[in-house]
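Chain IDs A, B, C, D and E follow the sequence of writing; residue 1 opens each chain.
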C-alpha cells in the first residue's frame, strides 16, 4: 500500500500540473535529493566522486540533451560526442580569452556555441530522416573532431594539442583545475544538473515537448496538424545541443581537467546514446538510471575479480568487462526495449495496485 | 583572387604534371573503395532483410579474420582453417538469431541498432579474450593469394599495384555478381526483400524469419571473412580494423541502404574521391587527415539532393 | 605497509597492444623476478598491479584515480596523452609520476615538475640525437632539405615538433608534418602518397602500436629508401619488421636500449620468471628476445633503482610517496651499477638529480639487417644547448597556465 | 475530475463568410505521380456550413484530393481558392493556420502520446508562449496551458473519451483512435474539416456514434465538413452534396439522391447491390 | 449458450479453438476463454466491436502473437485435429492455414507480382505449379494482372487488399483467416471480394474464418457466426439465425423494428446494451 494513489484527487488543472501530481513521487524525489546532497557527500571517498558520482551526473546531462533530440523529437544523432566537444572548447576559449569571466557564466554561454553548431548540422533533418539523418550527425562528429585537432587556435597552440583546464575560483573556492577538490566539483555539477533537469522537465511536458513528440511519432501528421516541422526540429537541435554543450563543458572543466580531441570521438557519442536508450528514450529520469548502469557499473564490475580474489590480469578484466557490458546491453534491450524508465514505471504501476493484482 | 589558384588550378595542374602519381592515387582509392564496398555489402544484406543497421559488421570482419589466423596459429592447416572459420561464422549467425534477433523482433530500428552495438562489444571482448589483442599477420600466401607487386612504369614514373589488391578487386566483383543474382532471381532472395518491408506480413505468409536471418547473417559472415582476408593482407589483423566499419556507413548512405549495387558504386566513389581530395586538396590546404570526414560530408551533400541515397528505394510517404 | 605498491597502467588490448604488451610484460617480469629472487626490494615485496587503459586517455584518468585511491606509490601512465592529463593532478595529489622515455619533454625540469620523472631520456633528447645522426653531427648540412615527421596525431606524436621546428628555423631545412590519425594507422596510403609526392630526404617516425607496422609496409610499397627512414625508439619492434623481412633492410631506429638475451639480467629473468612459468610472454613468438620486452625490463630496473635510492635515503624499506620522489631524484645508474645488475651495454649510464628529472641517457642508432637489429653507431648525444632553453620556456609557460603552480627554487642541480 | 463545465460552445474560426457561400473552390486541378495520374482536371466547390461527401472507388483519387486541399501535395495544375485566397502550393502547416484540419485514412495519431497530449498537440497552433516561460512553467506559460486544457477537456467531454484521457493512443482500439483523431482535428478549431474515411473499420454502433459527432460538429459549431466514406448509408444520410470520383476524374456531383441513381456512379462504384 | 469446457471437436472440423486466453505484455488480458470451431469447407464469421479481440483470436491461431509480445496462456488450438499452438507460423502455412492480416500489409517495395510470388514461399511443388496458381490468382483478380509490375506501396487500398488475399492463395491454403477484408473498400469491391471468397470456398474448398465489422455482409456470406465481446464469445449460431436475433439486429445490423434507421436520427442517449454488463 506504499504507493496508493487512490484518494489523491485533483480539484484544479493547476494541481494536476504540479511537478509531481502523485505524493509518493514527490517523497521519492526528496529522498533522492537528500541522498545526493547530504548522504553521498558524507559517505563517499574521493575515488567515488571522481570515478562514479560526478561522471554519472555529467553523462546523465549529456544523455538528457541527446534524449531531447532522439527520445522526444525522434531525430537520431550519433554526434553527441562532438557537440560535447564544441561546448568544452568554447568554454576553454571563453575562460582563456576572458580570464575574469565567472565560470558559471562561461559554462552556460558555451552551450550557445554548441547549440549553434547543432542547429547547423540539424538543418539537413528537414529533408533527411531516420538512419539517413544519422549520417548528418556523423558528418558533424568526424568533421568537428578533425577541426578540434587541426585548428590550433582552439587549443591555444599548445604543443600537445590538448586543452588544460586552469585553476578557476568561484566565490573564493577553486572549482576547476587540479586544485579543486572532488567534493566541490561534485556539488557544482549537481547543482547545474538539477537546474537543467528541472527546466528540461518543464520544457518537455508543455507545448514544445508535445510538438517534439508529435514530430517523433509521425512527422507527416505533425505537419498536417499545423506544426512547423522546421521550427520544431531546429528547436530540438538547439535545446539538445545546448544541454549537450554544457555537459561537455562540465565534462572537461569539472571532471577531466584536460582534454584532447580524441576524447570527443564517436565512442563518446555511442556511450551517451547507450545511456539514453538503456535509460529509456523519451524519459528524463531514464537518463540518470542509464548513466548509473553504463558509467558506474563497469567501475564496479572491474572490482569484482579483485574482491573475489580471482587471479585475472588487468587485460582480461577489461576484456570480460567489455563482453559483459555488451551482454548487459543486449539483455536490457530484450527485457525492456523501452528502457529502465519504463521498467520503473511498470514497477510503480504494480506498487500502485499492490497488494491487489489486476 | 589569390585563394582561387591553390583551390581551383594548382591541384589539377599537379594531376596533369605527374600522371603516374595520379594513377597511383586512383588505384589506391579503388582498393580502399572496394574494401568499403565489401563491408557495406554486409550491411546492405542485413538491412534489406531486417531493417537492422548492423553495426557489428565491422567487428565480424575482425572476428572472422582473427578466427582464421588464430586457427592457423594453433596448427590447423590453411585449407582446413578456412571452412572451419566459415563454420564459426555460421554458429555465430545462429547464435545471434537465437539470442538477439528473435527476442527483439518487431522492435524499433534504433533498438536493434543498439543491440548490434551490444553484439559488437561482446565480440570485441570475446575475440580479445580468445585471441589476444595484438596485431597478427594474415596468412596470405598460405591461402594461395599472390603477394607480389606489379610495377608499371608509365609516363616516366611508376605505378605499383599489389597483386593481393588486384585479387581483392576481382574477388569483390565476383561476390557482388553472385549476390545480385541471388537476391533478384531466387525465391530466398525475394523472401529477403519481403522481410525487409514488413516482418509481420512476411511471417503471416509463412516466411520463416529464423531461417532467413540465419542465412543472411551467415552470408554477411562470409562477406566479413572475405573482407577480413583482403584487409588483413594489407594491414595485418587486429582490432583496429574495426574502425573501418564506420567508413561503410557513409558508403551505405550514399549508395542507399538497401541497394547492393549502390554499396559498390558508393564504395568506389568514396574510396576514390576521398583519396583524391586528401592528396590534392586536403594535405596541401587543410592540414591533411580529411579522409576522416570527407566521406560523411560527401554523403550528406548527396543526401540533401536525394534523401534516400543514390540508389536507395524511394521512401514511400503517403497519408 | 608490507608491500611496495607500484602499479602500472597497461594495454594488452586494442590497436596499441601490439607494441604495448611486450613492454608491459617486461616491466612485470622484472618485478616478479625481484620478488622471486630477492624477495622484493630490500626485503619488501613489490605489488605490481595493472590497470588496463587501451592507450585511451579517458580510461587512463580513471585508472589513475583508481590506483591512487588504492594507495599506489607511483603512477605510470604509459602514454604521453595520459601523462599530460594527470600531470597537474600528480602535483596536487603529491604522487610521483614515472614515464620512462616518454611524456612531456619539459618534465626534465625538476624545479617546475617536482613530481614527474621521465628517465632515461626524453623525446626532445631523442629528436636531437636523430637529427645529429642523420646530419653527421652537422645540422647545417641539412639546409634546403626536406624532413618529414610521420607521427601519430596524438600528444605523443606532436611532442618532438617544437624542437624540430626550432631546429628547422635555425638550420634552414623544411619540416613536413605528416600526421596519422588513430583510425588511419593501419591504412596509411594517403600519408605515403604524400611522402611519395613530396620526396622528403628523411622520414622520421613517431609511431606506436599498429601504426609502425603499417608505416613500414607502406614504405616498402612506396619504394621509399629505407636508409632514409628513421624512427624513435618505439619503432624498433622486431615483429613489425619481420613482416617485410629483407625489404626493410636499412631501416633505423634510435634506441636507448639494446637487447641482449645472454646478459645476466635477462638470464635471471629467464630463470626465475619465464622458465618458472610466471611470465605472460609469447615464448614461441620469440618475444623474450625483442627489444621491446627487454626495454620493459629496463624500465622496471630504473624504477627499482629509484625505490632503492628512496629506501636508502629514508633509512627504511617501507617508503611513502614523498620518499619515493626523493629516490627518483637520486638514481645513479653508472657503469658499475649496470654491471652489477648484469645489464652492461643494454643501456647507457645516467643519473638524475633534483633539477634533472630525465637523466639524459645517450642512445644508439640501431638498424634492421633483414632479420634483427644491430647497433650501427656509438652512443649518441643530444644537443643540450638547443634543448634546455626550450625546456625552460615550456616549463615556465606550463606553470603560468596552471596557476597556482609551485616552483622549487631550492633545486639548483 | 473535471471541475470546469463548458460555459460557451466552441466556435469555428470566424471567417466572415456567410453560411452557404463558397468556402473552398478547386479549379481544374491535376496531379500525377510519375506516370500515375491521381487527379485529372477536377473542379469542385465546398460551401460554408455544408457536409460535402467525396466518394468513389479505391484509388479514385479521393485522398489525393484532400492532400491537395491541405497542401500536402502540390498539384501540377489548377488553383485552389480558400476563403477568397488563391493558391496552388503551400506548406501544410499554413493550411492549418488558415483553418483547414483533417483526419487520416490510416490513423495518423502520435502513438507514443496520451489522448490528452494528442488533442493538446492539435492546439499547438493556437499557443504562443515562448521557450523561456515554458521552461519555468510559471506565469503566462502555465496560464496558457490551463486555458487550452479547458478547451481540450470540452472536446474530450464532447467525444465521450474521458476514460482514456491518459492512455497512450497506440494502445487504444481502432475505433477510439479514430475518435481521438477527430478530437485532435477539432482542437484546431478549423473552419473546414476534412475527414478521410472516419468510419472505416467500425461496427454499426460506432458508426452511429461517429455520425452523431459529425453532425454535432457541423450543426453546433458550424464547421464545414468534407467527408470521404465508403459506407453509402452514412454518406446518403449525412451529406448535403456528393461528388463522385473515378480514376482521377469527376463523374458526378450533386445531391445524394441524384448521385445515387446516376448510372455512371452505379457502374463505377456502387455496384448492383444498392 | 457458449461452451467453455473442452468439447471434442466434430469430425469434419478443420479448426477448433478451445478456451484460449491471451495476454499481451505479460499484463493485458485480452482473450478470456474463447472457443470456436470452423467446419471443413465452411465460412465462419467472427463478429464483434472494435477491440473485442477478433484480430487477437486470429493471430493466436496463426501464431503471430509472439511478435507483438502476446502469448496464449491457456487453452489449445487444433488444426486438422492436431495441436498447433507451438508450431511456427511458417509450419502452419505449410500445413495449409494462412492469415490475411488486417490492414493489408503488402510488401510495399515489391511489385504486385513479387508480392504474390512471396506467398508461395513454403511451397515445394515446383515453379510450374506456382506459375499456374499465379495465373489463377490473376483470373480471380483481373485488376492485379494490370498492375502486376507496380510497386505495391503505390497501389490503391482495394488493390492492396486483393494483393494480400491473392498472396495468401498462392500458398495453396486449406484455410484462410481473413481479417476485416472489407475495411476501407468501396461497396462494389466489398461485394466483389466476398464473391471471390465464396467462389474460392465453392471451387477450391477453402475454409474461411472471417473477422468482420461489417456484420451485414459477413452474415450474408458466412454459414455460421460467433459474436465476440470484450474477449468472450457471447453469442453464436447459424448465420441465418443470427440475422434474425433481435439483439444482433438492433446493435449490429442497425435495423430496428421499422427497418433501417437513418444515421441522422441516432439519438444521443442511446447506449448499447451489454450482454455481459
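Rule of thumb we're sticking to: a contact is a pair of C-beta atoms (placed from the backbone, for glycine too) under 8 Å apart; a residue touches a chain by one contact, two chains touch by 3 or more.
Just so we're on the same page, UniProt names per chain: A, B = Branched-chain amino acid transport system permease protein; D, E = Branched-chain amino acid transport system ATP-binding protein.
Since we're looking at a predicted model, the values are computed, not measured.
Contacts with chain B and chain C are shared by A. Farthest chain from chain A (centres taken as the mean of C-alpha atoms): E. Chain centres here are C-alpha means, and the one lying farthest from chain B is D. Centroid to centroid, with C-alpha atoms defining each point, chain D and chain E lie 30 Å apart. Inter-chain spacing, taken between the CA centroids of chain A and chain C, is 38 Å.
Centre-to-centre spacing of chain A and chain D amounts to 41 Å, using the average Cα coordinate of each chain. As a whole-number value, the distance joining the C-alpha centres of chain C and chain E reads 75 Å. Multi-chain contact residues of chain B, defined as those touching 2 or more other chains: 128, 133, 246, 287, 289, 292, 318-319. Residue positions of chain E touching 2 or more other chains: 154.
Each of residues 11-13, 17, 153, 179, 181-182 in chain C touches at least two other chains. In the complex of the two chains, the chain E residues touching chain B come out as 62, 64, 66-68, 88-90, 92-94, 98-101, 105-110, 114-115, 117-122, 151, 153-154, 164, 167-168, 171. On the chain B side of its complex with chain E, the touching residues are 105-106, 187, 190-191, 193-194, 196-208, 210-211, 258, 313, 316, 318.
The touching residues of chain A, when paired with chain B in their complex, are 70, 76, 124, 127-132, 134-136, 138-139, 141-143, 145-146, 149-150, 220-221, 224, 266, 270, 273-274, 277, 281, 315-316, 319-330, 333-334, 337. Across the interface of their complex, chain B is touched by residues 11-15, 17-18, 21, 153, 178-179, 181-187, 189-191, 193-194, 196-197, 209-210, 213-214, 217, 221-223, 239, 243 of chain C.
Of all the residues in chain A, the ones that touch chain C in their complex are 45-47, 50-51, 149, 159-162, 164, 166-167, 177-179, 256-260, 262-263, 265, 299, 302, 313-315, 317-319.
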